[in-house]
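Supplied in structure tokens, the structure appears directly below.
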Amino acid sequence: AAELAQYCLMLGDDALIYAHRLSEWTSNAPDLEEDIAIANIALDLVGQARLLLARAAAADPSLVPSLPEGSPVPDEDRLAYFRDAGEFRNVRLAEVPNGDFAELVTRLLVLSTWRLATLQRLVDHPDAVLAAIAAKGVKELAYHRDFAGRWFVTLAGGTEESHRRLTAAMATVWPLIPELETGTAVERAVGVDPASVAPEIAVVLDQVLATAGMATPDAPALAGVQGRTGRDGMHSEALSRLLAEMQVVARAHPMGRW
Amino acid sequence: MQVDQAPLEEAFEATIAGNDRIEPRDWMPEKYRQTLIRQVAQHAHSEIIGMQPEGNWITRAPSLRRKAVLLAKVQDEAGHGLYLYSATETLGISRDELTRRLIEGKQKYSSIFNYPTLSYTDVGTIGWLVDGAAICNQVPLCRTSYGPYGRAMIRICKEESFHQRQGYELLMTMMRGTDEQRAMVQESVDRFWWPALMMFGPPDGDSPNTAQSMAWGIKRHTNDELRQRFVDMTVPQAKALGVTLPDPELQWNEERGAHDFGEPDWDEFWAVVKGNGPCNAQRMAHRKAAYDDGAWVREAAMAFAARADSVGRD
Amino acid sequence: AAELAQYCLMLGDDALIYAHRLSEWTSNAPDLEEDIAIANIALDLVGQARLLLARAAAADPSLVPSLPEGSPVPDEDRLAYFRDAGEFRNVRLAEVPNGDFAELVTRLLVLSTWRLATLQRLVDHPDAVLAAIAAKGVKELAYHRDFAGRWFVTLAGGTEESHRRLTAAMATVWPLIPELETGTAVERAVGVDPASVAPEIAVVLDQVLATAGMATPDAPALAGVQGRTGRDGMHSEALSRLLAEMQVVARAHPMGRW
Amino acid sequence: MQVDQAPLEEAFEATIAGNDRIEPRDWMPEKYRQTLIRQVAQHAHSEIIGMQPEGNWITRAPSLRRKAVLLAKVQDEAGHGLYLYSATETLGISRDELTRRLIEGKQKYSSIFNYPTLSYTDVGTIGWLVDGAAICNQVPLCRTSYGPYGRAMIRICKEESFHQRQGYELLMTMMRGTDEQRAMVQESVDRFWWPALMMFGPPDGDSPNTAQSMAWGIKRHTNDELRQRFVDMTVPQAKALGVTLPDPELQWNEERGAHDFGEPDWDEFWAVVKGNGPCNAQRMAHRKAAYDDGAWVREAAMAFAARADSVGRD
């Protein structure tokens, strides 16, 4: 159960943290249609995060940060708002600061391709709750990937400027892909081994890149610290800043009702 | 060559008189069209600018449930903006041109969004008071004489009243929380009460366009009528919530069967309308930055579509 | 004593909050000399803030936020780190987000001119502590104003681009000047009435603008909310975000020693 | 026309042999000049890039006293960068050219700054371990053969050792704080210990330039000698602090009169040197953005100075 909880935390944190980055786009997108679509994707991911964090808390209550006696803050929010950066288990690609719209499209393409492949395999997971979360998520992720894929092709074949920006975005996103594929003992034990989905991700990305006429960047992996990366709680400098913002109101009111 | 407009005008007047809808293909007086463009565009701009004050708290929402609710609400506002721009486009003007008019300050948006959101509580207060006032203004517009506008309003009003209930529910929940939370609710209501009353526009005596708009069936009630309706609706809600409305003159008038209430600060109102509110410059700069930053994306999409199109025609 | 404390809080918060904005420039300035100069100015202001907040706490201990029994956090830090936005008394010009280097120069010119004129009058204040703080501050502020003034003239007479940016910066800064000159009952009672220094500020700014060949912007005052502005605790949306960052570590450790 | 260099070379060698300083006007071998440019520029770049990891915490420093200390420290680093660029300029290359070489990745900076700062504690750890290691490297450089470099190092070392004491003092204070704070100190030391050891460069066997640099008096000790000195200096400090250094092989060797210690992960070292550390791209992007954003200011200053100059000459 402790491992299942850890695994749900990983998937939940990916969703929560990337939803935060997506939500920063609200009222800043290139046009209304994209503003709505991005908010929608963020909303799906917040929904997934809630279910996954709740599942993690149920599977291993010892994970849940304790608050003063009588606090009405529910478990999902204790996990979201009362953990520090080193306790988050998301991959770093979910947390790095936003760039331009090309960066959004590229990152979303990679993350949604990866997450879709993962959730598809979790649909039959022995844990019925996780399986149900995955089944719901698969439909959502298919839309996310489709949105990203269409824009990826559009930007690739749009103007010189959009092509240039997409190339730059790929250079920043690609070094974070190996981290997605490495995986941890927990993932291998109770979830989907990322190494086993890596070939599928490669096929999908190759296909999109081929359609778009973009070359795969030849970028080495972004190193961790002593081999440890996001899944191990070793993050980039960006995460603590993100959390300072995300958690500020909740932490000011540990006894608050919302 | 001058076409004889008399029969067209007669048909238009008959439609208005019969409380029927004018549709995009129908003839309409140029002033009616311009008045509608101004009003519907202003309404659309208000939805879009209105995303900012609440959007300010999405990343800081204090629970995941509230984060989802707020994200969905701000997304709805973008959706409302979209319908309303579409309705305006049926009057023969493009969304891009409307956005440019907004950014250049040639068209306005609701002044309420020129006030800052200073705590998460403001999300609830905006839902309760600002959406509440908007609904009072907008419900009659569901019967407005221009078809596309009226139909957009029906959908929008349904969602707005959902937002209003969500806002009220947030405040109600906070009032059941800590003393600090209750104080936050009161402080927020104190700040938004008067600006909410101003949302109905200046007193009828200072509202020169009202008469024509009512004659055309674009508007259905005067500013003061709507303001009174809002106050009467809100006072019992405030009581149920347990907050005080910051108006010492507010009291029930048995004779009128309505509440008496104080006069908003109309100097403040006009200052904000003229662009000198606390956030006018900030809201416009934000909108302009998003529009400018997105230009290359819109251009790329057009170039891509044009290429796909020309390939399709080959 | 309560009024003196409030007054010290106003002057202290101006320094603390603007020092934060200045410190955001660290490692981002146009050249090393400016990076060093800006850090130096921020450092002077942090120093002034510490003395003023400590004086406020001593003059009216009821102002100081309480922390759990036994907390070693000193009064100056309780005031800096454990008040919410509505309890800060700085003018809004101190808190608005940074723009480009022209904005830095313009804002610093205005704020340092105003603060220098104020501190010069406080040198003879009946409160010996405040008078000493002012005497020290006067020397520092003279340097800040000089730095800003020299750059103001340089940018005005530099390139077309720098002239354009300076004009834009003035358009954003000028609407916040009236708030500096309005003043509150507290300032009039125990400090320097801002209305009384307004003419001197106008003379200095006119002089700098004349040397630079820049026209005074014709900008109306940035309104407050129901007539209330920074001194009344009514701030812009930027302050709560600034504080979320500034206070995050301190608030996570109310019993911490640093 | 070939000048006879023999007497010049002889004079140069004599100066080196006598442990005297080479000054900018003195003749020097071209390879000596190039080696110095590379080394002093790398040192200057390290100071400038080194502002980022600590600068990351200025706005979040948990007390006003610590905020002032940190601001002053990062400012000192900018100052060190300034002296060192000046020293490099005496070798006939401009600061602007050096900055371009940095941004284009043609010159390096110390790899330690490619590790992230993940808590405020890292400010203390960097002061203690990173500045500590830097001092071990730099104290001998005060006697380096090139005059301007040696004199800059004297001033820099004085300030660095002040920073080192401040960093150690922060950690010491935190160790007297809460359990959580003590855990933060240990976690931070665990992350920085090995990268600090790597600051002395690869093992002597893999350091091909060391011999020539020592012969020229640019360098005074081998990498391994300095690393040993650092370990021996740091172990008792760690004990006084109450933290464990994360090396199971670390122990006093009575025979050698020095500590034995484990081997750093040299694969990690070379990966970071080659640009693939956790923050290389981020640090370079930050530096490049600041440089690019400042271009219009530097141009304005030059244009203004040129105008003032031409007026002065009229």
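Order as written gives the chain letters A, B, C and D; numbering starts at 1 within each chain.
By our rule, contacts are C-beta pairs under 8 Å (C-beta built on N, C-alpha and C of every residue); 3 or more make two chains touch, one makes a residue touch a chain.
Please read all numbers here as calculations on a predicted model, not as lab measurements.
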{"item": "Contact-richer chain pair [C-D vs B-C]", "value": "C-D"}
{"item": "Furthest chain, CA centroid comparison against subunit A", "value": "C"}
{"item": "Centre-of-Cα separation between subunit C and subunit B, whole angstrom", "value": "37"}
{"item": "Where subunit A and subunit C are represented by their mean Cα positions, the distance between them in whole Å", "value": "40"}
{"item": "Computed distance of Cα centres, subunit D from subunit B, in Å", "value": "58"}
{"item": "Junction residues of subunit B, two or more chains touched", "value": "60"}
{"item": "Contacts with 2+ other chains: residues of subunit C", "value": "240, 244-245, 248"}
{"item": "Subunit B-facing residues of subunit A, complex", "value": "16, 20, 23-24, 26-36, 39-40, 42-43, 46-47, 49-50, 53, 72-74, 76-77, 80-81, 100-101, 153-155, 157-159, 161-162, 165, 245-246, 248-250, 253, 255-258"}
{"item": "Touching residues on subunit A, where the partner in the complex is subunit C", "value": "84, 240-241, 244-245, 248, 251-252"}
{"item": "Residues of subunit B touching subunit A in the complex", "value": "48, 51-52, 55, 57-68, 71-72, 74-75, 78-79, 81-82, 85, 120, 170, 173-174, 176-178, 180-181, 286, 289-290, 293-301, 303-304, 307"}
{"item": "Subunit B partner contacts - residues on subunit C that touch it in the complex", "value": "85-86, 172, 175, 220-227, 234-237, 240, 244"}
{"item": "List of subunit B residues in touch with subunit C within their complex", "value": "53, 56, 60, 115-119, 187, 191, 194, 265, 268, 271-272, 276-279, 281-282"}
